[in-house]
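Next come two complexes built around chain A: one with chain B, the other with chain C.
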Partner chain A sequence: MTKPKLLLVDDEEEFVDTLAERLHLRGFQVLTATDGEGALRLIEKELPQVVVLDVMMPGLGGLEVLQQIKTRTPRIPVILLTGHGSTADGIEGMRLGAYDYLVKPINIDELIKKMLEAVST
Partner chain B sequence: MTLKNWKERFTEGFFLQADNESPARYRILRRNIIILMTLITVIPLTIMAVINQYEYERSIKDEIVNPLRTLTNKTKHSFELFLEERLAIVRSIASLYSFEDLSDQKTLSRIFRVLQNEYCCLIDLGLIDTKGIQMSYAGPYDFLGKNYSQQGWFQEVVVKGVYISDVFMGYRQFPHVAIAVLRRAEEGRFWILRATIDTSRFDDLIASMGIGPDSDAFLINRKGIIQTPSRFYGKVLDHCPLSFPIGNYGAIVVEEVDPQGREMLVAYAPFAKSDYALVLVKPRSKILQSWYTLRSKMFFFFVISVVMIILVVFKLTDTVVKRVQEADERREFAFREMEHTQKLSSIGRLAAGVAHEINNPMAIINEKAGLMKDLVSYKSQFQEKEKFLELTDAILQSAERCKTITHRLLGFARRMEVKFEVLDVNELLKEVLDFLGKEYLYRNIDVRLQLAENLPRISSDTGQLQQVFMNVLTNAFSAIEDEGCVSITTWDEDLDTIGVSIQDNGCGMSEETLKHIFEPFFTTKKGYGTGLGLAITYGIVKKLGGDLKVHSDEGHGTTFTVYLKKKPTIN
Partner chain C sequence: MKASEEKKVAFFGKITAGITHEMKNVLAIIKESSGLMEDIMSLSPEALISYQEKFKNSLSKIKDQINRGVELTDRLNKFAHSSDETIAKIDLNEIVEQLIKLSQRFARLKNVVLKTDPRQRSDQPVIIETFPVQLQMALFACIDSCLNVIPSGSEIFIRSHKKGEKYAVHVACEGNISSQTDLARRILTSDQWPELEGIVAALGGSVELDSSGPGIWLFLSKE
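Let's turn to the complex of A and B:
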């Protein structure tokens, strides 16, 4: 199975970089963004196959980014990352069209599994 | 102490400040209400009773004393009439006949006989001249020629023209009264017509008063000498032992203690034209009998009223103060409950904040450690590769543990979404027990189910209730020794509620522990408890509209009781 091109969006640079490196090690082509605007620009330019998006971000929030993605490029699946224990954000995201959500700190194997599922549907 | 201080003291003692929560408060309140109510009811009643008693006594005495006075006056008038009549006869004779006529013994005897036939009680009749010599006499004795000029009555009749004597004993030791009338002739000479009457008529008049056997009536003169026989106070001409005021004023009634020591009412009526006075003596107790009866009735009524008032006041005050106390206790309880809830929720918010802040760095630690592991396992021919992988695994495990804790914390704090469905609590309990089955079978724990057969199905959240019972049962199992006993009971509490109790015979809890068991991070399982189980349980039960009560007996066991609403309610 070919590894999909993915975009990783989180305001914590350390988190994004580290996770990106780990995914890169596993053969994924990883794009990163640390804010909503950057993410939207990259999506237009690069057209990733899947977006992993943090819900809690300063500026343009995760759910707003999600809505914009869904209006501009509705075919790209989005997996949400929530820092909250609350399932509310996750469920709200699902309602807005996210494919699924994961709770931070995440297990990388689980993330990969979810991404592959999202891309193959 | 100044007036102001007193006023303050009074106000303080009487109307207690609301923040004074000591138990003495209710005692003082009770005392004050009792005193106040008793005073404002008993004082007017007492005043009324005293005034009544006084007024009644006065009017009743008047009512009793007046007839006494009237009777005495009436009888006195009869006496006066009797004497006046006799005096009128003598006076008429003296006017109708001349001195010469009356000096004739025959004429006088004739007149005497006629009078004796017409008027009773006449003993004799005699004529006395200027020198005091008995000129003629008709009667049973021989007084002819007797000289009266030196006797007191002779002097008096010369001065006054008319004379009625005191009672005196005649020659035959019979009480008599003498009546004398003076007639003046020419040249300064005068003559006196004197008649003697016996006093048997007096006795008739007194008898006609119809006084009772314990009363007495008699005549006395101004000097206090008894003139007619008295039942209790001496013979005729004895001195009367009663000491009422003697004088010439209207009829009076006085109270008197007689020589026998009896309390008597004495009516005294002096005659207008002679020196007599009529005395009526009646025992006071007899006369005032009706008053005494009435007074004792009134007193009895008063005492009964006061006793009833006091009883009612006590009972009423007791009820009122008890109500106040109950209301205070309820308020206090509600306040504590609210405080507790507030405390839990603020701790919850704090926990959520901390958890959230820790979560992000934890995610970074997690990824960094993950990357380290990846690097070592993918690429490097690192000498200490095994050791290194062990270390990164340990970090990842710790991060995982942190994740569990933060998620439970957040779970505790968040508003859980409740999905209501109709469920059977008995079934649910059995499922939870199945889930915990291995543990209690292995430890030989005796689980006794006393499930109500017709327990109504309720509307609630299966998952959350599972967690509730799981937590409570886990606690119960950890409280008991192997081969201990846990009883699970369900029942239909009331129209809206069912009850589930989980009772163990384990170690129990101290008062201090009981106070804190629903607080997050409070744990007695040092080292392996998060202290969140019961806090979460409590939160869930409250959220589902139910209630969670705990009762514990240190050393004997603990009972958790969960009350669940039958219909969905969300707090």
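Let's turn to the complex of A and C:
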């Protein structure tokens, strides 16, 4: 199976850069953004096959970005990353159209599994 | 539970949630950095040499995040201990600095810079006897009131003053504010203003809008 092109979005630059390297080592083509507006510009330009998106970001928050993705490019699945202890953010995100969510700190193998499922749906 | 106790619990919950949320980011970076090191080691025996820089970078990130984590847990620990005594003698400058650190995440999420006013003299302690938890609630409510109306990219400066027998904290909003009058009005008419007045009254103090700033003056008595 061809590994999908993905976009990672998180305002924690160290997290995004390191996760991107790990996914790149596993054969994924990885784009990164550290804010919501930057993410939306990249999505329009590069059309990733899946977006991995942090919920809590300064400025345009993750759930607002999700809504814009679902309006402009509804076929791109979005997997949310949340630091929230409860499932509230994740459930709200799925109500707004997210494919699924993971709680930080994430397990990379679980992320990969969900991304591959999302693009094959 | 009494309304004031409910508010204290809500305040503790909000601050704890903010800090632990940030701790999750710290742990996430440590996990990915150590994971990358494992990935490199599993490539081949030679990979460690060709990826030496990446390996060093990961170690450096882990060290930085551990320092960040220690700082965050220190803050949370100090905050948790602020309820050890109902009434205590505290240094107002120190409490202001502590609240700024505790509020950083909330300010960052609104793209607002929150700092001590550079004119603040932290080498001169300002000792008052008061309710430490309620004082922190009042300061946080002032900051929150400003954060909810101030435009993105602005700054909030905080400074303690001595005015006669009273002590005051000034929370000043600065930046790309198109209408100071409008911002001041929005602070005054927000849902939080009556709550702020209530918290400060319970401290034996008073709160006033500074329409020239705009900002908020929090007046406290020495005892």
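Convention: the second predicted complex is superposed on the first by the 121 of 121 C-alpha atoms of A that agree within 3 Å, B and C clash if a C-alpha of one lies under 4 Å from a C-alpha of the other, contacts with A are read in each partner's own complex, and residues count from 1 in each chain.
Going forward, a contact is a pair of C-beta atoms (placed from the backbone, for glycine too) under 8 Å apart; a residue touches a chain by one contact, two chains touch by 3 or more.
Quantities reported herein were computed from a predicted structural model and do not represent experimental measurements.
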Worksheet item: After the match on chain A, would you call chain B and chain C a fit or a clash?
Response: clash
Practice prompt. Determine, under the contact definition given at the top, whether A:Gly59 touches first (chain B), second (chain C), both, or neither.
Written response: second
Item to complete: Report for A:Leu47: first if it touches chain B alone, second if chain C alone, otherwise both or neither.
Response: neither
Discussion item. One more residue to check, A:Leu19. First (chain B), second (chain C), both or neither?
Written reply: both
Fill in: Which superposed partner A:Pro105 touches (first chain B, second chain C, both, neither)
both
Fill in: Selected from 58-66, 130-138, 364-372 or 400-408: the stretch of chain B that, after superposition, runs into chain C
364-372
Worksheet entry | Footprint overlap on chain A, comparing chain B with chain C | 12, 14-15, 18-19, 21-22, 25, 83-85, 104-106, 108
Item to complete: Provide the residue numbers of chain A that touch chain B in the complex, in ascending order.
Response: 12, 14-15, 18-19, 21-22, 25-26, 83-88, 103-106, 108
Discussion item. So in the complex, the part of chain C that touches chain A is made up of which residues?
Written reply: 17, 20-22, 24-25, 27-33, 35-36, 39-40, 43, 54, 58, 61, 64-65, 108-111, 152
Fill in: Residues on chain A engaged by chain C in the complex (per definition of touch)
12, 14-15, 18-19, 21-22, 25, 56-59, 61, 83-85, 104-106, 108
Worksheet item: What residues of chain B sit close enough to touch chain A in their complex?
Response: 352, 355-356, 359-360, 362-368, 370-371, 374-375, 378, 399-400, 402-403, 406-411, 413-414, 417
